[in-house]
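Quick notes on the structure that follows.
Labels run A, B and C following the written order; every chain starts at residue 1.
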Amino acid sequence: MDKNLVKDLPNFRPNKKPAKNTVKAIIYHVVGIVLSLIFLFPIIYMLATSTKSESAYASSLGSLNMFLPDFANLGTMFANYESVLVNYDIWKYALNSFIYAAIVIVLNVLINGLAGYVMAKLRFPGKRLLSFLIIFLIVVPVETSIIPLYSIVKIMLGLKQEMSVLGVILPATISIFNVFLFTQFFEGIPKEYEEAARIDGANTMGVFAKVIMPLSKPIIATVAVFCFIGVWNDYLWPSMILPSANDGSWPLLPIQTALMSIQSIEGITTGEIMASLIITSIPIFIIYVAAQKYIVQGFGTAGLKM
Amino acid sequence: MLNTTLIILAIFIIAFAGFAIYDLATAKRRKEVYRVKSSLTAYLMLLPAIVLAFLFIMLPILYSLGYAFTDYYLLKPNDINFIWFDNFKAFFSELATKGTLYHAIKNTIVFVVGVVPLQIGTALLLSLFVNRPGIGSKIFKVCFFAPVVISLSVTSFLWLQILAPGENGLLNSLLGIFGVAPHDWLRDPNTAMPCIIVLSAWQGCGYQMLIFLSGLSNIRKELYEAASLDGANGWRKFWLVTWPGLRSTFVYIIITVFIGACRILTQPMLMTGYQDHTVTLSYYMYQQGYTFRWVGQSSAVALIMTIFIGAITLIQRRVFREKK
Amino acid sequence: MKKLLTAILSVMLALILSFGMTACGGDPGEESTDKDGNTIVKIMFHVDKSATEGQAYQKRINAFNAAYKDKKIKAQAVFKARTAGASGYETELLNNQIEGTLADIVTFDAPNTAAYAKSGLLYDISNLISSEDQAKFYSLNKYDGKLYGLPIQESSAGFFYNKKIFNQAGINVSGYTAENPWTFEQFKAVCAQLKSHCTPVDMRIDAVKDETAPYLLYSFIHAAGGSFTDSTGYVANGYYNSAETAKGFQFIKDLITAGYTSYEIGATDFFTGKVGMYLSSGWTIPDLDNKYKEHFKNRDEWGLLPYPKDAIAASATGSWSYAITNNHHTDKTAIVELLKWMTSAESSKAITDATGMIPARKDVENTYAVGTPEYTLLKQLELSGKERPVTVAYPTFSTTFNQVITGLKTSEVSTLLAAATNTLQLEMDKLQNLHG
């Protein structure tokens, strides 16, 4: 990672800019690279460790070598990746996570978007109670217990066996914070857009679907990215409610839960664990880098007035 | 369980209806106009969110707060009795005898007081640093955010290596070059909490940087130009334009970082284990509820903590909010 | 668009409501027979299915199903890996109990026997397993005089040592065997000789975030003649803070004070040749055989020494066990068949062959040559194995034990034990009140 960083730096052209600015730019980038290294060292460590055998890893601990690959055995650099991908069916669990995330994103945007629209644009009796509840639930951090949530999903709703997949998806589709984000964002959309659509004969739903949603790409992208990261990184809850797979059938576990289980296997090496962690972090990085611009816009336009 | 839930649902519906009627009754005075059709559409569109929020957010909260008044023991889920305020009495007697709970509260306060300014300050500086055009700043932005998405267990393990005691530790060997004697960072009560504060701020500040950036993107360029015309230098421009422009972002960040800091759990758990000099309130609750299996008592602590944090947050909102 | 939205949302609502309705009807629990009339027996394991241990269990289950086809009993294995943190496996057990889907046989960690038995999670099998059968096990999971579980396998620990370093230092430890262990004083003498060559011993005193330190170190207290609780598991005062108990902890403190061990030893320092001895359980044997070839070529370069003795010889034991649960299946006949099958000499051998641990039964034939690490562990278990305290307050015991170990460097043993005893006794009183 650090090597790419250096490669991607812009070429300075001293002859085209005054000397003072060039010096400034160089200092800026040097400081930036040092700061980046401070923030990147876990990733450098993970990448380095994922290339090592257990023995090489143990020798490198406690010295700077833990951040460098095992130069003596560069030929077998990808042995850990190979063994993780071949032995543990990681792709099946990754596919599960993608499917869960996709469903959660669609439902989350629809459900919370609708609620945010109502809170931002419509008038109805009882609205003041709901706005108070929204702020209250965001501001007051109630320590939700996973124990009653489990009882609600398993016993009250009776989501068992294959149905417990719904227990993974449904609780993730509602987020008070996302309602808040949508509300703030929609409040910034000028009335004129809606009124124009109303004159053309659109009803409330039509305005939401045809006017509001197309204008809300940044906030939708923001919510989608954080939904994805949430679903992708969650391991405790799915591990509690999903049944373990029977022989031959497709496993239901998402990626992180499966990874935790794989990591508990006696004899797995640190290098293999790091390789699996690297593989599973790649989607998050890609999605984050791709959506970064929208996230800044999304938060920015929403205003976040508490 | 279903019966209790139905009772809670009924209370919720009655309360909502009450407020709705109150709104209707006072509509004229507030110069508000409600239309039947528009209101019905609103309810219909809110319904999915309300049903889900009731089931998966409100109910678990109410149940877990309810447990605070019971003797719920994890291994006896079918034998839960109301003991009303006994858990709270136990809370205050442990506090009075300066037991683990006392240390938990003290450490949590130390952590919050340390991490909130450090994390927010770092995030603000980073956002000012990357808030400029060019490919370099874009790459830095991604790098600074990286720790946010890496699992806490990986980063904690790394910090354990860095802070390892003796000459083995990376930090100690680095300081050794300058002739500083090796130090046991995490076992020394004076340095353990500061270490946890630094690594938490390091891990979290990328997210706040992003939010500051969005706040910065909202400040209009003309304001800076106007300030320049008035002869303001960089520092004055920051105070005159940037700082006021970031105000609402800042309120949001201070509230969320504060709440997050109060709930610190994983770092002390992975770095030191259950020790008096690093135990925090959330860690205490976790240990009481899961390891020692006293769910009731753990919930009582949660309830007290919720009230406490809620009160402080409301004060913060009042203090920092823009005057209308 | 509007129609689509309404459709999606109403389907969702309908789903939620209908599940709510079905739940109202009450839950009869899982079916106990399948469509062919086989009695289904469910068994839950704490390891991942693709682990060698998991595969060994699955093979024994398959063999059971083949053998009991005519008797119409069918075993079904569920694998729920015990993942790090959040005591996930225990939560699973409890949740299944609430839900009414608790497996007929579950595996559990031995120190939980008291708490699980007291809370009614486990079924009393005292009368289902004959006393001859019981006598064949090295240890049994008993609480309050009743039998609640049978061990899957056994564990023992000891001091792995680096033969290269020992040879350099001219130390001969061939006389210290499981049958004739060394003493606390001899242990200190070896450390003193090692000190000029390396850090003498990794006592694992920094492994205090989980059960590692309590498991590896509690037997030193027994060796010094001390103990932690009375036989009921409700009294710590007078045991945990007794003079003998203090003597055991003082031995560990002396090692720290003399510089023989420290909190500063890195987790892999023994494996890379920086430390002379390493206190660990049998699971380190395969690691040394396979993972660290560069530092330990073969078994000529490392060996295993028993625990040192003082007033008595004592060594760490304990592992995971099988128990029959108190679930809705009241007819336990088929379930006992499976329990007996899984704890038979044949199963015991198959599983320990896969895990490298010690068989739970004495009648499993072993071919370990005298002097091998496996032989030392087995003999030590037989002669001096002592189980961890049996008390419903075990989690608190474990936590206070870790706190004492952490405090050894800076505080006096008596101060630490007074605080630990106080905390543990309070918890025991609370639990006695709860259980009535």
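Simple rule for what comes next: contacts are C-beta pairs under 8 Å (C-beta built on N, C-alpha and C of every residue); 3 or more make two chains touch, one makes a residue touch a chain.
This one's a predicted model, so the numbers in the text were calculated from it and none came from an experiment.
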**Prompt:** Highest contact-pair count belongs to which two chains?
**Reply:** A-B
**Prompt:** Measuring between mean CA coordinates, which chain is farthest from chain B?
**Reply:** C
**Complete:** Chain centres from averaged Cα atoms put chain A and chain C apart, in whole Å, by 37
**Complete:** So, in whole Å, the Cα centroid of chain A is separated from that of chain B by 18
**Item:** Where chain B touches two or more other chains at once, by residue number
**Value:** 2, 48, 55, 164, 168
**Request:** Please list all residues of chain C that touch 2 or more other chains.
**Result:** 9, 12, 16, 20, 23, 84, 86, 91, 98, 266
**Request:** Hunt down the residues of chain A that sit against at least two other chains at once, touch-wise.
**Result:** 61-62, 111, 114, 151, 155-157, 170, 203, 205
**Message:** Please output the residues of chain B touching chain C within their complex, sorted ascending.
**Reply:** 2, 47-48, 51, 55, 71, 73-78, 153, 164-166, 168, 184, 187, 269-270, 272-276, 287, 290-294
**Request:** Please name which positions on chain C make contact with chain A in the complex.
**Result:** 1-2, 5, 8-9, 12, 15-16, 19-20, 22-23, 27, 47-53, 78-84, 86, 88, 91-92, 95, 98-99, 101, 266-268, 271-272, 283, 286, 290-295, 355
**Item:** chain C to chain B touching residues, read off their complex
**Value:** 9, 12-13, 16, 20, 23-24, 84-87, 91, 94, 97-98, 115-116, 118-121, 208-210, 262-266, 269, 395-396, 399, 402-403, 406, 409, 427, 430, 434
**Item:** In the complex with chain B, residue positions of chain A that touch it
**Value:** 5, 8-10, 28-29, 31-32, 35-36, 38-43, 45-46, 61-64, 66, 111-112, 114-115, 117-118, 122-130, 137, 139-149, 151-152, 155-157, 170-171, 173-174, 176, 179, 203-205, 208, 229, 233, 277, 281, 284-285, 288-289, 292, 295-301, 303-306
**chain A partner contacts - residues on chain B that touch it in the complex** = 1-2, 5, 15-17, 19-21, 23-24, 27, 32-35, 38-39, 41-43, 45-46, 48-50, 52-53, 55-57, 59-61, 63-65, 67, 126, 129-130, 134-137, 139-147, 149-151, 154-155, 158, 161, 164, 168-170, 173, 202, 206, 210-211, 213-215, 217-218, 248-249, 251-252, 255, 259, 262-263, 282, 285, 289, 295, 299, 302, 305-306, 309-310, 313-314, 317, 321
